[in-house]
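Data block below; observations after.
By written order: A, B, C, D, E and F. Residues from 1 in each chain.
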Amino acid sequence: MSEFARPFTRPPHPFLIEPLVRRALEEDLGRSGDLTTELLVPPTQSAEAQIVARASGALAGLVCADCALRLIDDRVEITVAALDGEAVQAGTSVATIRGPARALLTAERVALNFLAHLSGIATATRALVETVAGTKARIVCTRKTTPNLRILEKYAVRCGGGFNHRFGLDDAVLIKDNHIAAAGTLGIAVERVRTGLAHMTKLEVEVETLAQLEEALSLSVDAILLDNMSVDNLRQAVMLTRGRAVLEASGGITLESAREVALAGIDCISSGAITHSAPALDMALDFC
Amino acid sequence: MSEFARPFTRPPHPFLIEPLVRRALEEDLGRSGDLTTELLVPPTQSAEAQIVARASGALAGLVCADCALRLIDDRVEITVAALDGEAVQAGTSVATIRGPARALLTAERVALNFLAHLSGIATATRALVETVAGTKARIVCTRKTTPNLRILEKYAVRCGGGFNHRFGLDDAVLIKDNHIAAAGTLGIAVERVRTGLAHMTKLEVEVETLAQLEEALSLSVDAILLDNMSVDNLRQAVMLTRGRAVLEASGGITLESAREVALAGIDCISSGAITHSAPALDMALDFC
Amino acid sequence: MSEFARPFTRPPHPFLIEPLVRRALEEDLGRSGDLTTELLVPPTQSAEAQIVARASGALAGLVCADCALRLIDDRVEITVAALDGEAVQAGTSVATIRGPARALLTAERVALNFLAHLSGIATATRALVETVAGTKARIVCTRKTTPNLRILEKYAVRCGGGFNHRFGLDDAVLIKDNHIAAAGTLGIAVERVRTGLAHMTKLEVEVETLAQLEEALSLSVDAILLDNMSVDNLRQAVMLTRGRAVLEASGGITLESAREVALAGIDCISSGAITHSAPALDMALDFC
Amino acid sequence: MSEFARPFTRPPHPFLIEPLVRRALEEDLGRSGDLTTELLVPPTQSAEAQIVARASGALAGLVCADCALRLIDDRVEITVAALDGEAVQAGTSVATIRGPARALLTAERVALNFLAHLSGIATATRALVETVAGTKARIVCTRKTTPNLRILEKYAVRCGGGFNHRFGLDDAVLIKDNHIAAAGTLGIAVERVRTGLAHMTKLEVEVETLAQLEEALSLSVDAILLDNMSVDNLRQAVMLTRGRAVLEASGGITLESAREVALAGIDCISSGAITHSAPALDMALDFC
Amino acid sequence: MSEFARPFTRPPHPFLIEPLVRRALEEDLGRSGDLTTELLVPPTQSAEAQIVARASGALAGLVCADCALRLIDDRVEITVAALDGEAVQAGTSVATIRGPARALLTAERVALNFLAHLSGIATATRALVETVAGTKARIVCTRKTTPNLRILEKYAVRCGGGFNHRFGLDDAVLIKDNHIAAAGTLGIAVERVRTGLAHMTKLEVEVETLAQLEEALSLSVDAILLDNMSVDNLRQAVMLTRGRAVLEASGGITLESAREVALAGIDCISSGAITHSAPALDMALDFC
Amino acid sequence: MSEFARPFTRPPHPFLIEPLVRRALEEDLGRSGDLTTELLVPPTQSAEAQIVARASGALAGLVCADCALRLIDDRVEITVAALDGEAVQAGTSVATIRGPARALLTAERVALNFLAHLSGIATATRALVETVAGTKARIVCTRKTTPNLRILEKYAVRCGGGFNHRFGLDDAVLIKDNHIAAAGTLGIAVERVRTGLAHMTKLEVEVETLAQLEEALSLSVDAILLDNMSVDNLRQAVMLTRGRAVLEASGGITLESAREVALAGIDCISSGAITHSAPALDMALDFC
């Protein structure tokens, strides 16, 4: 798959991608197949088409588009002009596709749906990443992803230059306000977690005030999520922490506010919007 | 499921919803489960929480949230204050949830991800629907949906007051420009389709000019998609057609332009943006 | 797949066929495999065999037989002498198969089971189709299909020269007597449906009398199913309708009665028997 | 499940039945659900209906019908008037069903499709069983079953009073003519098999002549399939065998010829037609 | 697959192996893939490695290791120096693997886990087989296998020179003490079974005393399991039986006691330990 | 599920356990079901049985046994005398089971196979844990698990008092010798990883000498795996490290050597043998 992606964007293994694409094709083809194409287009007819970006942005999802086209007909050939993870300009071709006309027409919508959705996420991520360029702040995603597409959306975030937070509930511990309330105090919460915490699992706690931050720092956690803090407080948090924990800022951070947050010295800025509210990047399949 | 949805929104059958929700839970729980909650919260602790809309909009996805919560623990009880398909105001509670604290914490994110995503679609649909209120124009969705969620997104469109277009490639014929190019002429294309078209399947053709519209009308098709036409042309199209076919306007129609299109006398306005670019509706789970 | 089927019979996409064939092979091979063949036949032994029709009929299912053989061993080569959708004479070869002897012996029964079952349906369909030759009546199938094989059986009907009715409950509306009873009157039933009916979905109603037919016509439905009517009534129904709706005759129509029904001017004759009661067409694998 | 079946018909375990029924429902409901019913019938409406046999025969498949109805809505209640494995008379009720009207209408076709198909097989089996009544001959099925329904069709054969042959390629050895040809001689074939044959696996060989029968007997096999022998030869085969092996007659045995074959002293008569060519038993769901 | 296995070890068909290996890879790769390798090793780097046995034993599982490597990257090439079913010496190479370095690193653990587990079973089996060499006793496995790996473990037993008992509950009848208790007497139990027993299914009964053995022999069963009998009793059992049934000894038979049991004249010695308690054979992947 | 497990052993969620148990039941029941039981035991017969440990050890797998029994028949009732994670003595009852006799007989083997396998792992773990009691060393498992059972085996390790290492390749980074060779030096390897490493993912490196350890410490990694070091070297490693990284000892550590390793001051001792070579704990189902 690496022929479709920039180095180190780490596209998911084909056997993770293929079932998702296959299900999307089944969803579209249904039980009676592509009525229009099969009734209209002779099986021997060939075609060539361009995948064209109709808006500028960052590309993600060529690995899915390729998979969709080849699942429909493995004679389709794709030549890419850009890679997942690269920037594309509005109106430029992303890839050239040659093969049976039926295959191109039948796979078109599914291929574009993946590409537009994931490129939308990469584009929104890239915008934030560029906003904080030159600071040490990373843009990281959250678990606010579209159900059943998290593997692909985390990849799209990487294509946009962002970093991933924990994948799910099981690969890191994040103690939030409700957990603290359930345990009584942050101290008790951390203590309980430590009794069963594997040595290869990181521990983050969410705090809302500087006082809570100091308590968290005294507990030697790996990372601290600063929820909805003012930029002033974020600056103080950085000074208080002195590198003893990774600091993550979160809560309604936008393109407008991100740079100021980054300049406060924060390590990570997490954003739900880049996955749950990124508009699709307009992509089309133009026949030659 | 109908206890969570307004009449005639037609929520998908539970055995279509459940696998989607189950996979989303597996995606989040992974292989080691909810580390934080299982290490912190005793299994006997109970909790009560509110699902709260943090923004105003149209609700969709309670059927999924309910499913997620009960798959995690079937002792969870949900009392709804609003139904899928209804309007909600920012800051109001949508449902009250009672049950084991562990279950509420573990299912929270998946339940909200479905609810926020689908309510976002319902909200975007509702906005368009209200824009054309009082005209005969219906707002209809397209096949530009998030891969593997089309069943739910079509339902969200209905919750927003919209109508569905064909579900996929197999339940109706839609002859587009590339099909016409492949066949040679619109006449040949329609003729070929008719030889194999089932008597219960509708036939729509896409046209870009009034001349093409007249050709399409002469071929007695069921519906005609008017692609990217000016409002003037749309008005003329309506007059030319005189009810002989359903007229669907398509192509970059926005909240700003929709009403004028509707007033031209069009039957349907189709929008890809309501499914592929609707921002999530902000929803939260607040513990009492 | 089109190399095994006549043009426009529209064989299902391989990724719809393959899981059905794979499951059938798993069903036959079980957990310990083909004991007889694996103990008896050396892996290096080659063989050649003919698929022979032992009775005359219409062919359907080569796409499945091919799939079964190649799933067992992708070195198997098939050369077809007839295509799905063509007529075969008793005693003639349908295809020549060459490859590892083990593969031919192991896949034989599954390949033949598909071929015999689907050719049986194609043959029964063809018989009805030929009976009404020269009239405008189409032979159409129903939802009375063998569970989980509907995709293939609908294809077998097309191979026999028949047409498909709606695929299932979701791609067209058919208001039957029980629905009318539930709603109160046909008028109410149609009105309720219309409030939610998508513009690309057709609407058919079932009637048993000419009076009901007139009511149905007044409601501008797309198609009308004339259930168990006498040929006299069918003739009057055609006259009353004057092309305003597709007319479908149904109810115990046999090879004997079909032509008379067709000559009454009916558009479609639907038959459950062609899918639920067609005897298998006798097919064998003869080793050379 | 035993509440729906006669003792010792051995219905498959629910977790084998349920996936088959679930897939059949998904096949019929598709992606948009039961349009007609959901648009027409209020969710609160109740109904009662009878499953009625429109032809006389042997019943099989109530376990599937029950499963289909309850998968659609677990509030449906079924009261049976007959059991799988029992005879039913044309025009009599087999079961009474009460529950939400929507559920009855939606599940009707799938429930009937299973019931009609499997009862057709049970009925064909029962006819052969009654033909040989009073002899020691058992009617047994073959591997000529409908793909992916073998578990249910083997059960339907038992409901009809027949016995099962091996289930598939892996639970017994059957050396047929092509295997003998591949090995060289029957003696070599049996010798090869014996080197790897598990002590709990039976061995049957197919013979076409009395000379082959004698060779088979000298090899101490468990059972011998007498393929296409005349009744005279079958009688001699019985005398030659003197109980040293189970004798199975096969090859085009019909209702007309079966009794004579049985009277020849054969142990088993195998029939492919009872599974691959049994017409469906006409069953209906009549609303009260 | 036969290129990786000795003749007549009968490796399971690839479509039975592949899902098991695929799931194991998914289990290890999880959702974010092989972080270490993907971050460290360029996609273009090649590598060569040896699969080395670090202990002596019997080989089983190359068919799985091959499958794992090729599922990760189908450019990997494997040259085997030994086959499933052959003996290997500690420190010798079993296979040479060449391909992308990433693929070798990523598939390594899954490939070895299968190989070590199955070779452990083959080795334990081989030890018992060699202990009874020269007697007529076969070593057979039981149903005490690792859940979901029975197909592979039965194969590993064959690779070790052992034979398989019935695969599961459905391919042979084994009446054990609890069944006899439920029926009342052994005679009643056998009688009940015979009424429904297919002619291709074998019947074994478990006995604990010589008196029970005599009762079993009088009932003409196919095989008798002698549970936990002393060697003296086993000898008498052989004499009493005089070849009228297959005799199987069972119950805590070890490497130490097996030969004496075999010399008593027993046909089969069954062992649960060879599948449930065989330690893994130490295998490693050494990069060149 | 917590009613069958000690607090904080964290049994996997039922929807992770159930598919594994269901597949194991399907594996054993096959296609024709439990022939013996269904032919012998009337459906109305009840029974009571004890699950008895025939050897002393630590219990794990009751959650699976319970699932197996209830999947076969949900009327089965289980009363536990011990919990997953507790010690059991040879000859004592672990649970009492009441329900239909058929269900107990049919589910017996699958229930015991899970219980014996997982309790074997818990017992081997517990033995190591007790050996290092009073030191700070934790016993941790590896990725050397039985394919497709890792979720359960990791749980069994927790039941035995051990801790889990990373679950798979995706939830932590572990740089081993082959990775270092591929990168050139440890420094380059760590640098490459850091460019893409998420802030919630831990990083461990494997070293074999004290010199490598010092290099690793200079790179500020989270954990260091000391592979095959002598106890003397381990002691020096602890002194060199001074708490700057978690130290894990690995490589052929046995019950005999573990305590000395622990006393060297190591944080974790990892063992592959506890999962890949633990003999099953002998468990039986005794009917009352």
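As a convention for this text, a contact is a pair of C-beta atoms (placed from the backbone, for glycine too) under 8 Å apart; a residue touches a chain by one contact, two chains touch by 3 or more.
As the structure is a computational prediction, the values presented were derived from the model and not from experiment.
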Relative to subunit F, chain with the most remote C-alpha centre: C
Contact-pair overlap exceeding half with B-C, pair selected from D-E, C-D or D-F: D-E
Type of subunit B:subunit F copy interface by residue overlap (half), same or different: different
Most remote chain, CA-based centroid, reference being subunit A: D
Distance from the mean Cα position of subunit D to that of subunit B, given in whole angstrom: 45
Approximate Å spacing (C-alpha centroids) for the pair subunit E, subunit F: 23
Separation of mean Cα positions, subunit F and subunit A [Å, integer]: 33
Residues of subunit B engaged with two or more neighbouring chains: 8, 10, 27, 29-33, 39, 150-151, 164, 167-168, 170-172, 195-196, 201
Sites on subunit B touched by subunit C in the complex: 8, 10, 138, 140, 158, 163-167, 170-172, 195-196, 198-202, 204, 222-223, 246, 248, 267-268
Subunit B-facing residues of subunit F, complex: 2, 7-8, 10, 12-13, 15-16, 150-151, 154, 164, 167-168, 171
Residue ranges of subunit E touching subunit B (in the complex, touch as defined): 27, 30-31
Touch list for subunit B against partner subunit A, complex: 20-21, 23-24, 27-37, 39-41, 45, 47, 101, 105-106, 109-110, 112-114, 116-117, 120, 143-151, 167-176, 178-179, 181-183, 189, 192-193, 195-197, 201, 272-273, 276-277, 279-280, 287
Of all residues in subunit E, those that touch subunit A in their complex: 22, 25-26, 29-33, 38-39, 42-43, 71-72
